[in-house]
Amino acid sequence: MPAEQQSLPLGFVRGEPVIEKPEDLYIPPEALELILESFSGPMDLLLYLIRRQQLDIVELPILPITQQYMEYVAMMKELKLELAADYLVMAAILAEIKSRMLLPKPVADDDDEIDPRAELVRRLQEYEAIRQGAAQLEQLPQAGRDFSPIQLATDVRDQLELPEPNVSLAELALAFSQALATAQLQHHHQVEREKLSTRERMSRILDLLQTKPRIRLQEVFTAAEGRQGVVVSFLATLELVKEALIEVVQVEPFSDIYLSQRVTADAIETA
Amino acid sequence: MQLRQLKQALEALLFVTEQPLSEQQLLAYFAPEQVSKKQLLAVLDELRQDYAERGVQLQQVASGYRFQTRTELGGIISRLWQEKPPRYSQALLETLALIAYRQPITRGDIEEIRGVSVSSQIMKTLQERGWVKVVGHREVPGRPQLYATTSEFLDYFSLQDLSELPAIPDAPAPLRNSAQAAQIPAETATDIE
Amino acid sequence: MQLRQLKQALEALLFVTEQPLSEQQLLAYFAPEQVSKKQLLAVLDELRQDYAERGVQLQQVASGYRFQTRTELGGIISRLWQEKPPRYSQALLETLALIAYRQPITRGDIEEIRGVSVSSQIMKTLQERGWVKVVGHREVPGRPQLYATTSEFLDYFSLQDLSELPAIPDAPAPLRNSAQAAQIPAETATDIE
């Protein structure tokens, strides 16, 4: 519909017509079509007709304006522009005002008789103000057209460490007890408590075996830990053997004892 | 925190964030450093001055502070973009202007002044761009939606608030009682600013 | 083109482009303004100096020039993306506790004790956190992974070794009253603190 067509340079800039309008009607039809399509609606056309005569809106010379408006509407029809109903509504309003203006004024009676044009004049004034607003918006700096907001890329984000959660040791212990309690309720079997340090040492030995396929038994002992440390390491080794997590190999009596990962092939065979 | 360090951090921060940062956001950000509002504003002002003559500038818009390229460079910078920035139709601009200048406003009000029915496409575009939103209903039969502009609208046009919109004539006084009802929101809008 | 304008345009350009811009790209960009290589390099050098002490700096990298935030500010800037500390679920805590107290342990062991399956997400979270790692496989069909706690785990809880984990009282005899059973560990927790 023509009312929503993009405004063309032939139309208005800051509310003023840029081109001289079809005073004589000998404009090539294509150009005329452009002009007609450039009106954003009947108010736009009406305003144009008034401004063309360099008149003030309040003077609204209803007779000639109505006539010209009808001519334009006829041209639009002729050019088979898809004529918006809105143009016809305005034509009806103009016709109504015209007829009321032509009626003889009732004598005396009302001082508060309202000029039939008044409402249309008010609308035209407001429309003109808004046209001005639209033109000013268009001229304001626009993002992407006149400037770009800046967002620098940064790799700082990659350096970000995961935030530390907030877990206390007590919570952990509690969670363990709860897990055990659940286990007992569900399975009715006693979960044995074992020396923690032994379990830790078991992990450490397994971890060591991740890096080397074989380690000497001596390597699991640390002299600095003293007797107790050695005992813990030894118990851990025995526990690992018992749980079939490692293998202990001694090639001949009194030679070095080696700990190694269980060979996968074994597992497959036993499987 | 040293003032010099605060200035550098603030500057870097405003360069890397996608959205403008408000005073409140910045104060919250620098809370660990116990930066006062007075310090913050002083440093922001210094930065603004530092960049006054540069190719990028510190701009205060509705939703906060941001760096943006100097407006006068528009053409030379936009060469960078393959696509031309959108040109908005007269119909869209008039609708937007009505909402901006006369908010809160109903679709009926817009149609009355423009003399054309408002295309749904235009309202959709304006809402998708985040420039316009529904802020309520007018308590008349049908409870039509009332539209107003958003801070994204102001940000887009580099404005801090509606009072920075270029002035246009006030809406003319209504004639009849029925028209008067339609006029009230326009007056309210001026107050809202 | 005036040198001042070139400097502003160049500056703005380097700020808006996502990728670094090489000398060749910049020369091509300013071809309409007939900027010489000598001019370009001089202006780039000026910009580099202008920003030497600022929060962002002009850096020359392999593929060209770009602005980037000052390295020293990494910590303060990264707060922008800092997430809130996660809150861990009971399931995760119990899994972690079982790994800590019963390591090395397989997922199957954990599931057997807890009576429910252990979600992969939990194992992933614990490993990403760096608290838990795979230390081997149990040589049984399927070769399930054996999990153990790490030294980061000990560090986080300020423990020297696992023997410092709070002692858990001998698990209570199975009770009919499940509520009572659940109560016991709670009391234990208070003692530990």
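For reference, chains read A, B and C in written order, and residue numbers begin at 1 within each chain.
To be clear about the criterion, a contact is a pair of C-beta atoms (placed from the backbone, for glycine too) under 8 Å apart; a residue touches a chain by one contact, two chains touch by 3 or more.
Keep in mind it's a predicted model, so treat the numbers as computed, not measured.
Centroid analysis (C-alpha atoms only) places C farthest from subunit A. Closest to the protein's overall CA centre, chain by chain, comes A. Mean C-alpha position of subunit A lies 25 Å from that of subunit C. A straight line joining the Cα centres of subunit B and subunit C is 37 Å long.
The geometric centre of subunit A is 17 Å away from that of subunit B, both derived from CA atoms. Multi-chain contact residues of subunit A, defined as those touching 2 or more other chains: 148, 150, 152, 154, 156.
With touch defined as above, residues shared between interfaces to two or more other chains in subunit C number as follows: 12, 15-16, 56, 67, 69, 73, 77, 80.
Put simply, subunit C touches subunit B in their complex at residues 7-13, 15-17, 29, 53-56, 67, 69-70, 73, 76-77, 79-80.
Those residues of subunit A that touch subunit B in the complex are listed here as 1, 3-7, 11-12, 38, 40-44, 46, 84, 86, 89-90, 114, 118-119, 122-123, 125-138, 140-152, 154, 156.
Contact residues of subunit C toward subunit A in the complex are 12, 15-16, 18, 56, 67-69, 73-74, 77-78, 80-88, 90, 93-94, 96-98, 100-104, 112-115, 128-129, 133, 135-143, 146, 148-149, 156-157, 159, 161-163, 165-166, 168-175, 178, 181-182, 184-186, 188-190, 192-193. Note for the complex: subunit A touches subunit C at residues 148, 150, 152-154, 156-157, 159-160, 162-167, 169-188, 190-191, 193-197, 199-200, 202-204, 206-207, 209-210, 243-245, 261-264, 266-267, 270-271.
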